[in-house]
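Got a structure for you, written out below as structure tokens; questions coming shortly.
Going by the order they are written in, the chains are A, B, C and D; count residues from 1 in each one.
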Amino acid sequence: MKELSETLDFDIRFSEVDSMHIAWHGSYVLYFEDAREAFGRKYDLGYLLMFGKGVYAPLVDLRIQYKKPLTYGMKPRITITYRPTTAAKIIFDYCIRDSADDSVIATGYTIQVFLDHQHKLMLYNPPFYEAWKQKWLQ
Amino acid sequence: MKELSETLDFDIRFSEVDSMHIAWHGSYVLYFEDAREAFGRKYDLGYLLMFGKGVYAPLVDLRIQYKKPLTYGMKPRITITYRPTTAAKIIFDYCIRDSADDSVIATGYTIQVFLDHQHKLMLYNPPFYEAWKQKWLQ
Amino acid sequence: MKELSETLDFDIRFSEVDSMHIAWHGSYVLYFEDAREAFGRKYDLGYLLMFGKGVYAPLVDLRIQYKKPLTYGMKPRITITYRPTTAAKIIFDYCIRDSADDSVIATGYTIQVFLDHQHKLMLYNPPFYEAWKQKWLQ
Amino acid sequence: MKELSETLDFDIRFSEVDSMHIAWHGSYVLYFEDAREAFGRKYDLGYLLMFGKGVYAPLVDLRIQYKKPLTYGMKPRITITYRPTTAAKIIFDYCIRDSADDSVIATGYTIQVFLDHQHKLMLYNPPFYEAWKQKWLQ
């Protein structure tokens, strides 16, 4: 099975750092989201596609482990990797590294489920997602 | 040992909801932070106190599990509970409920460690935190 | 004509302050939004009502003048005042004061127009807004 | 006198759009900030430099005029232009355009003043800024 991933370099905004010049822990949620959108663009699995299919894929689980501070002026890089599963879920793993020395700044994951247009949990993968898995994972 | 907790009612901003009128998953980081600040005010364990002591307490672990959607117009309520530990950490558990029927919207936790004024990890509790534990937990 | 206004006390989040312990200038947009929502609740002019009427009221103009720094630990208070106009617009004025000495921290305004459900600019007030003005301003 | 400007392409986050798929008006403050940081990198006038000089340059005035909606999927582009002034201020003008047809989405400006390390307003330009103007504007 192929590994699907995408890597993004990003800058820290001055407004994201606190009084220690360290990026706010909540900003990582945005970094993860940016990575997810970049993945969606690369592998054609974006929000607009899902909307067009009448499917909504909210997060049900989010975890972030902070390993070392991300300070203003650093050049961080985030890698998002698709974690294959047979469950009706989309799971991504994330790793943020300092591009200067490749040291790990943070890791984490997100789990998304599928809701139909009536906001009901879908117990099986929607057809477009099955087709997507066929196309990219085999 | 006493259980230390604080409960806050809060409103969802219209700018926090997405196209499904559901609060953005990243906003929960702010709800947790507001709860942590309210706890700090109630039990005298705030950021300014720590700064005065030359101590910085960054998050090293954050987890949020989303159980049901939080929609615009709901009246959510968050409870933060201090989780006792012998490690040199501050651990909080969180639970967000719908005040209309007390159903659970989300749960989660945060773990903080202590850094000294040189940003080095403190392996033992700083004295002010030991004193705080003596005062409130016994 | 009556003056319609609402006043809110609020707290500054630690995550909103920068390295000088001063609230980020962008946070004021949220303070204004919170004031607008409180006004909507008090005078029955909220987003959900407009949506129910098929009307969208986006901002077309925003101005904020910062008079003195808002620092962590201050107790700010925001007043929103409806500015009457014959144009098909909703105009609000805002004033943020330090509740300790009533000094002015910031002032500003927002101007909103009406779009119909096809996103076209409405040149005349929608009926629900005319009725609202009749009810509250006379 | 030379015109100093910088232009950035940017993406809209899904979390920034509201229920009409339109970017939240508050996000523009971040777009302006990103443009200001890019300008600072290009012309060597960044926050870290100022900090090193003991100078803080907070915003005292912000205005944004929204001309047409910025929707998810659009490819916006922001241009920031330095507006020369003899006053002890930094003034920038901003213009956000749709790169598809070059139509204007929003315009605005920011005005910053200088505070010294005691947070007192500086009535004259700090030396590093005078030197910067000499270097870039003549």
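In the analysis below, a contact is a pair of C-beta atoms (placed from the backbone, for glycine too) under 8 Å apart; a residue touches a chain by one contact, two chains touch by 3 or more.
Note that this is a predicted model, so its numbers are computed, not measured.
Peer 1: Based on the averaged CA atom positions, which chain is farthest from subunit A?
Peer 2: Looking at centroid distances, C is the chain farthest away.
Peer 1: Quick check: more C-beta contact pairs at B-C or at C-D?
Peer 2: C-D
Peer 1: Distance-wise, how many Å sit between the C-alpha centres of subunit B and subunit C, to the nearest whole number?
Peer 2: So the centre of subunit B lies 29 Å away from the centre of subunit C.
Peer 1: Using Cα averages as centroids, what's the distance between subunit A and subunit C in whole Å?
Peer 2: Centre separation, subunit A to subunit C: 34 Å.
Peer 1: Can you give the whole-Å distance between the Cα centres of subunit C and subunit D?
Peer 2: That pair's centroid distance is 24 Å.
Peer 1: Where in subunit A do residues touch two or more other chains at once?
Peer 2: Residues 14-15, 19-20, 26, 30, 33 of subunit A each touch two or more of the other chains.
Peer 1: Would you mind writing out the residues of subunit D in touch with subunit A in their complex?
Peer 2: So the residues of subunit D touching subunit A come out as 11, 13-15, 30, 33-34, 37, 47-48, 72-73.
Peer 1: What part of subunit D is in contact with subunit B in the complex they form?
Peer 2: 14-15, 17-21, 24, 26
Peer 1: Can you tell me which positions in subunit D touch subunit C when the two form their complex?
Peer 2: Where subunit D meets subunit C, its residues are 19-20, 22, 25-26, 29-30, 33, 51, 56, 58-67, 69, 119.
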